[in-house]
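Structures follow.
Across the two complexes that follow, chain A remains constant while its partner is chain B and subsequently chain C.
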Partner chain A sequence: MNIDITGARIFWETPIKLPVLGRLCISETLVVSWLVMLIITGLCIFLTRDLKVENISKRQALAEMIVETADNFVVGNMGEKFRYMIPFVSALFATSLVSNLISLVGLRSPTADLSTEAAWAVVVFIMITGQKIKANGVGGYLKGFTTPIVIMTPFNILSELATPISMACRHFGNILSGVVINALIYAALAVANRALFGLIPGAVGKFLGAVPFLDVGLPAILSVYFDWFTGVMQAFIFCMLTVMYIANAAQPDE
Partner chain B sequence: MKVQDLVTLVPWTFVAQILNLFLQAFLIKKFLFKPINEVLNKRREAADAQIREAQTARQEADAIKSEYEQNMAAAREQANEIVARAQKTASDQSDEILAKAGEEARAIRAKAQADIEQERKNAVSEMKNEISSVAMDIAGKVIEREISPEDHRKLIEEFIENVGEAS
Partner chain C sequence: MDFTVLAKGIALAGCGIGAGCALIAGIGPGIGEGRAVASALDAIGRQPECKGDVTSTMLLGCAIAETTGIYGFVTGLLLIFVAPNTFMGLLG
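Let's look at the complex of A and B:
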């Protein structure tokens, strides 16, 4: 039997082809992304409904806990002057987390599309570069590539570019591996199912073989690692790297 | 339906995801961080106000306490004064009473001495009379004649004077 593991489906695309951007398309990635944004924003609105100063509800306590955790994470790792980064880092974490976990309900994760992680990584890369230029000046930033000796310049440029690529590919690879393994397991279990119930002769065996009984159970256990653990871990790692890189970039070189 | 390649970069998706990320950051800021931070600030202000109130209350309490302590010290002083005055009055009174008692005792003794003196005088004059009548009887018997009571008395008084001087 053939297993076909493909990228996101494309629902609609413009007939015109633009020079660099190509065809404007609405893919599964974008639709699920919007759904993720709706979920996060809806959750925010739900959590912050009728806030009180005293005698707070459990819902408000949870919302305050989330806000304080985000505050502590960003301010603790980056320092007080990066307080304005809190919403961005939170959005990054929330989007990544919900995108990773939305595969649990059978939708295709937007993070299983390299375009998503590349977009995030490029934004982070621009922020890192911006902080470096802010800390050292344009001349200082460019001069930083020639350290410790001039001959190292190409390697320094390469290592600089490796940052966003590694960030994007790390996240993407982890999520994609989950997608691939899931597809393989489902396919394998379908085959096993057919073989097992095919032992029953006649039409009954054919009918029972087509119903994927074995799909219940094992994929759920494996999803604890491939969806839950990886999903949470990768969201956290991506945010942690973002925070660390930007905080490091803001410190001027000696 | 068309599908993308498994690993590919779609420019439009890339651009849209950047916009989505910033939109999401804005939405999270507007709907989660702003209201929650407002509430947290309000609570912090309320807590600060309560702490200030508590400090004021404590200062007031301290003032009241020192005032109370002053009052207590004053009261103790007054009490000591009252006790001292009472002790002084009591000792004065006891002295007075003792003096009066001594005076009374002296008066009683004087009166008793006067009485005794009187009694003695009475006894002496009685004895004089007794002795004179006895002497008169004896003398009358001795001289066997009646002498006038005047002479008699004169004689006897002379005698007694002499006796009195002799005794």
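Let's look at the complex of A and C:
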């Protein structure tokens, strides 16, 4: 039984080593990420073609529904003054969702690579810090680390850094667990298939054993949970946490 | 006597045992999520009209409670797929 669980394949690498950054490479993650962006852009263009005020088409109704849902989600959780966050949160959700679900067509989802989520988490972390500084001023922000007493400063810094790490690892771990379990199931079913059809004597059994019949259909049932449910859920949770953290950060400390 | 083989063996065994121990982390979220769902069912039983709200909040809470388990899982994966290569590289 050979199980192949590897990271994203690397297609091309810069021949020279850059300082600090090391070798830059074009990996599977990068290629599929661009594909995801293309899909989202195409979908947006498709949904927003010839919009009308009256007699709207089904397509426009769907687009309006999506926009309204995003509006309600952000405004409901963050309040009116955060209207400018709607595009960011929607973009994050769409990217995360399409990246998670692209594994359904057999591509390696970009979110199964920690770099992708780490990048998103860093962006969110900068926004959180920005909101905190905006609400309390630079002095107030730095002073916030020494609450309730000065001894707590290292713990406060740790808990501040834990936010992006936990956000990135949560999303990454959930998607990667799906990838790993899928690989295990495929490998196990191939072995079961060989054992089952190996019972037929002669060349027929050998031939049928080599073709993994059991791999058809059965993993699809599990993919309902590991791809559909986890994928949609994690996209939602990442956005929910983003919204919550930023809204919390904008409230000035007492 | 060459101790490199012994050292490699110990390193590999440590990685394997460590990965197994890391996945014990799955117990905590399991219990926690079970309790969360039980409470949510209680709430729905008492007030069936707020089923939607309770369900979405519960799912969010479950996903957050799951984080510690996921940390254990990621650690286990690192120990299985990344750490052995690092140790083999160190030991030559």
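We adopt the following convention: the second predicted complex is superposed on the first by the 254 of 254 C-alpha atoms of A that agree within 3 Å, B and C clash if a C-alpha of one lies under 4 Å from a C-alpha of the other, contacts with A are read in each partner's own complex, and residues count from 1 in each chain.
Here, a contact is a pair of C-beta atoms (placed from the backbone, for glycine too) under 8 Å apart; a residue touches a chain by one contact, two chains touch by 3 or more.
It should be emphasised that the depicted structure is a prediction, and the values quoted were computed from it without experimental measurement.
Student: Looking at the overlay on chain A, is there a clash between chain B and chain C, or do the two fit?
Tutor: fit
Student: I'd like to know which partner A:Leu176 touches here: chain B for first, chain C for second, both or neither.
Tutor: A:Leu176: touches chain B and chain C.
Student: With both complexes overlaid on chain A, does A:Val191 touch chain B (first), chain C (second), both or neither?
Tutor: neither
Student: For A:Gly22, using the defined touch cut-off, is the partner it touches chain B, chain C, both, or neither? Pick first, second, both or neither.
Tutor: A:Gly22 sits against chain B, while chain C stays out of touch.
Student: Going by the touch definition up top, name the partner, chain B or chain C, that contacts more of chain A.
Tutor: Looking at chain A, the partner in contact with more of its residues is B.
Student: Looking at the overlay, does A:Ala118 come into contact with chain B only (first), chain C only (second), both, or neither?
Tutor: After superposing on A, A:Ala118 lies in contact with chain B but is clear of chain C.
Student: With the two complexes overlaid on chain A, check the angle at chain A between chain B and chain C, Cα centres, nearest 10°.
Tutor: Reported to the nearest 10, the angle reads 120 degrees.
Student: Tell me the contact category for A:Thr95 with respect to chain B and chain C: first, second, both or neither.
Tutor: first
Student: Should A:Val232 be classified as contacting the first partner (chain B), the second (chain C), both, or neither?
Tutor: A:Val232: touches no partner chain.
Student: Just checking: does A:Glu64 make contact with chain B only, chain C only, both, or neither of them? Give me first, second, both or neither.
Tutor: first
Student: Based on the superposed arrangement, let me know which partner A:Ile10 touches: chain B (first), chain C (second), both, or neither?
Tutor: Only chain B; A:Ile10 stays clear of chain C.
Student: Can you give the closest approach of chain B to chain C, taken over C-alpha atoms and in whole Å, for the superposition?
Tutor: So the smallest C-alpha to C-alpha spacing between these two chains is 7 Å.
Student: Once the complexes are superposed, what residues of chain A are shared between the chain B interface and the chain C interface?
Tutor: Residues common to the chain A contacts of chain C and of chain B are 5, 172, 176, listed in rising order.
Student: Please output the residues of chain B touching chain A within their complex, sorted ascending.
Tutor: Residue list for chain B touching chain A: 1-18, 20-29, 31-33, 35-40, 42-43, 46.
Student: If we count contacts the way the header does, which residues on chain A are in touch with chain C in the complex?
Tutor: Interface residues on the chain A side: 5, 166, 169-170, 172-174, 176-177, 180, 233-234, 236-237, 240-241.
Student: Touching residues of chain A toward chain B in the complex: what are they?
Tutor: For this pair, the touching residues of chain A are 5-11, 13, 20-25, 27, 29-30, 33-34, 37, 40-41, 44-45, 47-48, 51-54, 60, 63-64, 66-67, 70, 86-88, 90-92, 94-95, 110, 113-116, 118-120, 122-123, 172, 176.
Student: Which of the residues in chain C come into contact with chain A in the complex?
Tutor: Per the touch definition, chain C meets chain A at residues 59-60, 63-64, 66-67, 70-71, 73-74, 77, 81.
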